[in-house]
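Structures follow.
One chain, subunit A, appears in both complexes that follow, with subunit B as partner in the first and subunit C in the second.
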Partner chain A sequence: MFENADALMLARIQFAFTVSFHFIFPAFSIGLASYLAVLEGLWLKTGKQVYQDLFKYWLKIFAIAFAMGVVSGIVMSYQFGTNWSVFSDKAGPVIGPLMAYEVLTAFFLEAGFLGVMLFGMNRVGKGLHFTATLMVAVGTFISAFWILSVNSWMQTPVGFIEGANGQYLPEASWFEIVFNPSFPYRLVHTVIAAYLTTAFVVGGVGAWHLLKDSANRHARKMFSMAMWMAALVAPVQIFAGDMHGLNTLEHQPAKVMAMEGHYESHPDGAPLYLFGIPNDEEQRLDYAFGIPKLSSLILKHELDAPLDGLDTIADEDQPPVFPVFWAFRVMVGIGFLMLGIGAWSLLARLRGRLYDWRWLHRAAIAMGPSGFVAVIAGWITTEVGRQPWTIYGVLRTADSASPLDAPAVATSLIAFVIVYFAVFGVGTWYILRLMSQSPHTGEKGVKRTEKGPVRTAGITPGPTQNPGRDPDALPAGKEEATDGR
Partner chain B sequence: MAFDPLSGSQDAQARPLWQRLGWMVLIWIASVTVLGAVAYALRLWLA
Partner chain C sequence: MGVDVDLTVIWAFIIAFAVFAYVVMDGFDLGIGVLFPTFEPGQERDQAMNSIAPVWDGNETWLVLGGGGLFAAFPLAYAIILPATYPLVIAMLLGLVFRGVAFEFRWRDKAHERFWDFSFTAGSFVAAMAQGMILGALLQGIEVQDRAYAGSWWDWLTPYTLLTGFGTVVGYALLGATWLIWKLEGKAQAHARQLAKHAAIGTLALMGAVSAYNLALDPEYAARWLSAPEIYLTAWVPLVTLGLAVLLLRSLGGEGQSLPFWLSIALFLLGMAGLGLTIWPNVVPPDVSIWDAAAPQRSQAFMLVGVAITMPLILAYTAWAYWVFRGKVGTEGYH
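What follows is the complex of A and B.
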């Protein structure tokens, strides 16, 4: 059935599918781990019930997202051996240790302390439990650090020599490899993207529950916190993205040419194309619509600065332009929409309408999944833009694959698609189900089996009789005094 | 039964530090072991 299929292309599709599926989960869990640490810290500092309830509410969701992220990530690393053994063999001496550090971090910080987070409070107490939460948050960051260092080295490889056996070997200093030229920019841009992704999910969930009950103080709190993140961090992300782009122009100019749709060189200032249909065969941008000289202004900070086009790059070294051009526009477009939501929320705060401006809430719900789309679009931009290389300028993708048998790769690809949609589909459905439940006072970890609330005599209050509403919810239109407005 | 990840903190605080640290190490080892088992199962599946 697949005898005539292109085995290399199938292997690339398989990796693209599994890595895209995988990254959805860490993009969420990196930000959520830090959000949980903030919530628990605020609970311990202020003693306010709302922070404890929100911590419990999001902890359940974090545990599922984290588990799916770890499992899908393990599959990825095995794939290096199954489909990309030449790459693994050649680059192993450089990327192997970095990947090993990531695995050690994921196992021993994130997964280990997640158990303490979930099951340890009644054994270790508040202080050690908070320490475990911090370890998970720090672990997610360190994990991202190593993975992004590896990826950045593949984009901007330095600090290695080619050994007699064809392997790339560390030269003088690991520092040069780890902190390769694109790494600081990619780390900042990706981690901020993860924080924004989480903020918009939290904001979307908060907005959803505010639309149902604008007096729900838990929904108010999470929506307010998320909108602060959007307002303060989205502009920082746009600045970080611009810096990352300038770094890419310096080290991977062909990628930026594809992002900009610049098939032709522009000696007197290049336009910023807002729309166009890339035509690789004819080497032109069809139906192009752009703003004259703006690309030169953005990339060179000068209206008339010359910019080279893909006509200066050999055909066999050019990336496919269509996916890079459009993925980049999707990512940037969402970034500016996030900025708009952040600005809108500031206006709503100023007018005292943060919790009852229904169109803002509807917009926040629509933007809830936008972070995932943006990060996937960003990764398509950077990974497809690196083509036709796995290690930029050093090892071609066509030379990186294992001796592949197309039917075998196609069969495993189909198996991955079925298993991923089944397993992670169920997990995602369960997360959405948890999100649809209203956060409330006396939040529990999982569904109760008892009929009705448990109430002990004396001073300990039982859970609310009406889990959909807070007993101490504020009237509609009233602000909570502790919102930091 | 309900599972509350933040319940029982008062009881735990009453225990000596060495006991709480011991529990932390035990739960940590159990968590790492579970993940190791999952990773090994996936390895067998892919192999």
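What follows is the complex of A and C.
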């Protein structure tokens, strides 16, 4: 039994690791695809060069992020079967179709139009190219729609019965299953999070180049656009997050208890803890510091409203409090910092200092990667908060895993860790290098033409010769392999 | 009951179609990866990669449909096959990671282009080999008890699965080489044609070897191919395959541009038909039939609506994307 517990923990770590790494890319590409569509649309509408330049600048970055999202996403679509086969067998009849719809309506759409978006600018008309960009952007949203529906069903399962063979069978209408109780809230909260994540990346890059040259009009444009996004959307996100929290309180109260650090019930008003060290053993929050009654006010809109604590939940049904409690605080903290940056940018606009307030730019750079931290913290909150269940209240995590031996899972976990850090680390480095280049007039976009002298007679005509590699590529002489790292 | 049966059979064909689409479409991508080191660094390699850069992602999506479709329509099969072939699936996924990122990374880092070329080749080889071995592990039979895989975690490694693995690698190389005949010109095309000839002979030999091994694998398999009355239903497969083999070798000897590629696809179609006839109606030989593994009718019907609406659209815009990038890759760069 003990070795099974080991294999189970390894499988959980592997899933958490691979899904966390994976989600970084869609969190960025969902927002970036929409940003690219906006840029191209503005370019077509206004004819201004700056939009085309920015489009091509971010397209190169999008290509790398998207490729990493695709390859890490395929891992996810198979990992349900490799490591969670009992879950797959039981839940397949309900969530399998939703995931199939994701492939049919989103993945093919994105992938089918991505090639034209990246390489087809001169092969199709402008309108058709814009259509391809729009399709990719819409595809990323549809993908989020279906996979969040699946995740939400696992959080708030409805509309099924258990069959004789142990499978969960769809019983209610598919509409009820797809639009399960937590889905609309999770969808809105997650998609806005992706937009904010992208906005802060774009804002950070814009700020970086403004610090170097505050007259750079490309940097000005992207910084301004990003700060509008921050100012307008961060408050909406905080409201959406609050609604999502109330929905969780209704359907998964134990998760909210862990988020709040409420081990004890509070019959007349629960405090909002700002700090504390959760102690599951003793079932208490050590070194707690909180504001009396504020939690009741937020969750119940009433200072003296009673709130149940984890003392009302059986021990074996409680989530581990520490990760949930702290991940939630990290997420909320970043949300308010984002709100602060947005407000600061409005002030800067009012004073006409948006492009030369260096401390604002420094703060925006520091906040550049904050969206990624926030979305991962948010997922830790909701996923660890669902424990000890894979399907809340229905199927325990301990009963979901594949019949694999611990050494097999340990080996694959080590392989994933090494490969992901190496490959996606390098990819992130390439993205940062592209971002460090100053956006300029006449951006090249994703060009793939041969460089240097014609080596094979007559295959590539002269006119298409084009120094199309990156501006920062090393001189042509340095082509010798320096691989092996 | 009749409706039940129909939906399950329809879904078996949809999954088979997705797998076939994946095998030929990503097959030529992976085959180009395997053959990549034989092309000269510089223009030849750039052109080979450019010929698939706009379409590889769409091609790979069929793998997600194959897996996702299996999960949705035959969840039990998904839950048995993946744990049974666990190391192979992980190796395939990691291979696809190295292959997939190389498309972008090699253009972003001139100093390490050779390293990403190696990553492209090694990832393609590992993915192709693993896919072939998964197929072999499925065909040789998977031990099942209580709706779960009951074998050990080395069952997938046998001489037979190594044979199917190599057969897949060489077969993909054939698809890749014939694709390149179509998309390249001049010296590079001549090189691709030479590769295709070797790969064609290798593919045919390995197809023969796998077929012969199949007959020895399970008496039921042998009965299906060698004894009456089944043989009247199945004999056309080897006969048509032989005819295709002759046409393929002849077209490779001549000046055919796209014909070798289409004939190679037809060869794969025949190969898959043969394997389908061998294991039908099982989805996990020897014990789990498509009906045992099928999702309830409500699930299958719901998805079928989606397939009926989206599949024609998917095929249409995929065809359009290929059309946009039609023609020889060398005569025009991507801008």
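Just so it is clear, the second predicted complex is superposed on the first by the 438 of 485 C-alpha atoms of A that agree within 3 Å, B and C clash if a C-alpha of one lies under 4 Å from a C-alpha of the other, contacts with A are read in each partner's own complex, and residues count from 1 in each chain.
Quick note on the criterion: a contact is a pair of C-beta atoms (placed from the backbone, for glycine too) under 8 Å apart; a residue touches a chain by one contact, two chains touch by 3 or more.
Model, not experiment: these values are computed from the prediction.
Just checking: does A:Arg362 make contact with subunit B only, subunit C only, both, or neither of them? Give me first, second, both or neither.
In the superposed model, A:Arg362 contacts neither subunit B nor subunit C.
Once the structures are superposed on A, label A:Phe113 by its partner contacts, choosing first (subunit B), second (subunit C), both or neither.
After superposing on A, A:Phe113 lies in contact with both subunit B and subunit C.
So, does A:Gly163 touch the first partner subunit B, the second partner subunit C, both, or neither?
A:Gly163: touches subunit C, not subunit B.
Quick one: is A:Val70 in contact with subunit B, with subunit C, with both, or with neither? Answer first, second, both or neither.
A:Val70: touches subunit B and subunit C.
More residues of subunit A are touched by which partner: subunit B or subunit C?
The partner making contact with more of subunit A's residues is C.
Quick one: is A:Leu104 in contact with subunit B, with subunit C, with both, or with neither? Answer first, second, both or neither.
In the superposed model, A:Leu104 contacts subunit C only, not subunit B.
Touch test for A:Tyr78: subunit B only (first), subunit C only (second), both, or neither?
Both partners.
State whether A:Gln52 touches subunit B only (first), subunit C only (second), both chains, or neither.
After superposing on A, A:Gln52 lies in contact with subunit B but is clear of subunit C.
Once the shared chain is lined up, is A:Val86 touching subunit B (first), subunit C (second), both, or neither of them?
Second partner only, subunit C.
Could you pull out which residues of subunit A sit against subunit B in one structure and against subunit C in the other?
70-71, 74-75, 78, 82, 107-108, 111-116, 118-124, 445-446, 448-450, 454.
Of all residues in subunit B, which touch subunit A in the complex?
The touching residues are 1-9, 11-13, 15, 20-21, 23-24, 27-32, 34-36, 38-39, 42-43, 46.
Which residues, counting only subunit C, touch subunit A once they are in their complex?
41-44, 46-47, 50, 53-55, 57-58, 60-61, 63-65, 67-69, 71-73, 75-76, 78-83, 86-87, 89-90, 93-94, 96-98, 100-101, 103-105, 107-115, 118, 147-150, 153, 185-188, 295-296, 298-299, 302-303, 306-307, 310-311, 314, 317-318, 321, 324-325, 330-335
Would you mind writing out the residues of subunit A in touch with subunit B in their complex?
52, 55-56, 59, 70-71, 74-75, 78-79, 82, 107-108, 111-126, 128-129, 132, 444-446, 448-450, 454
Taking the complex as given, what residues does subunit A use to touch subunit C?
63-64, 67-68, 70-75, 77-78, 80-83, 85-86, 88-89, 91-94, 96-97, 99-105, 107-116, 118-124, 135, 163, 165-167, 169-170, 174, 402-405, 408, 411-412, 415-416, 419, 423, 426-427, 430, 433-434, 445-450, 454-456, 458-461, 464, 466, 468-470, 473-474, 478-485
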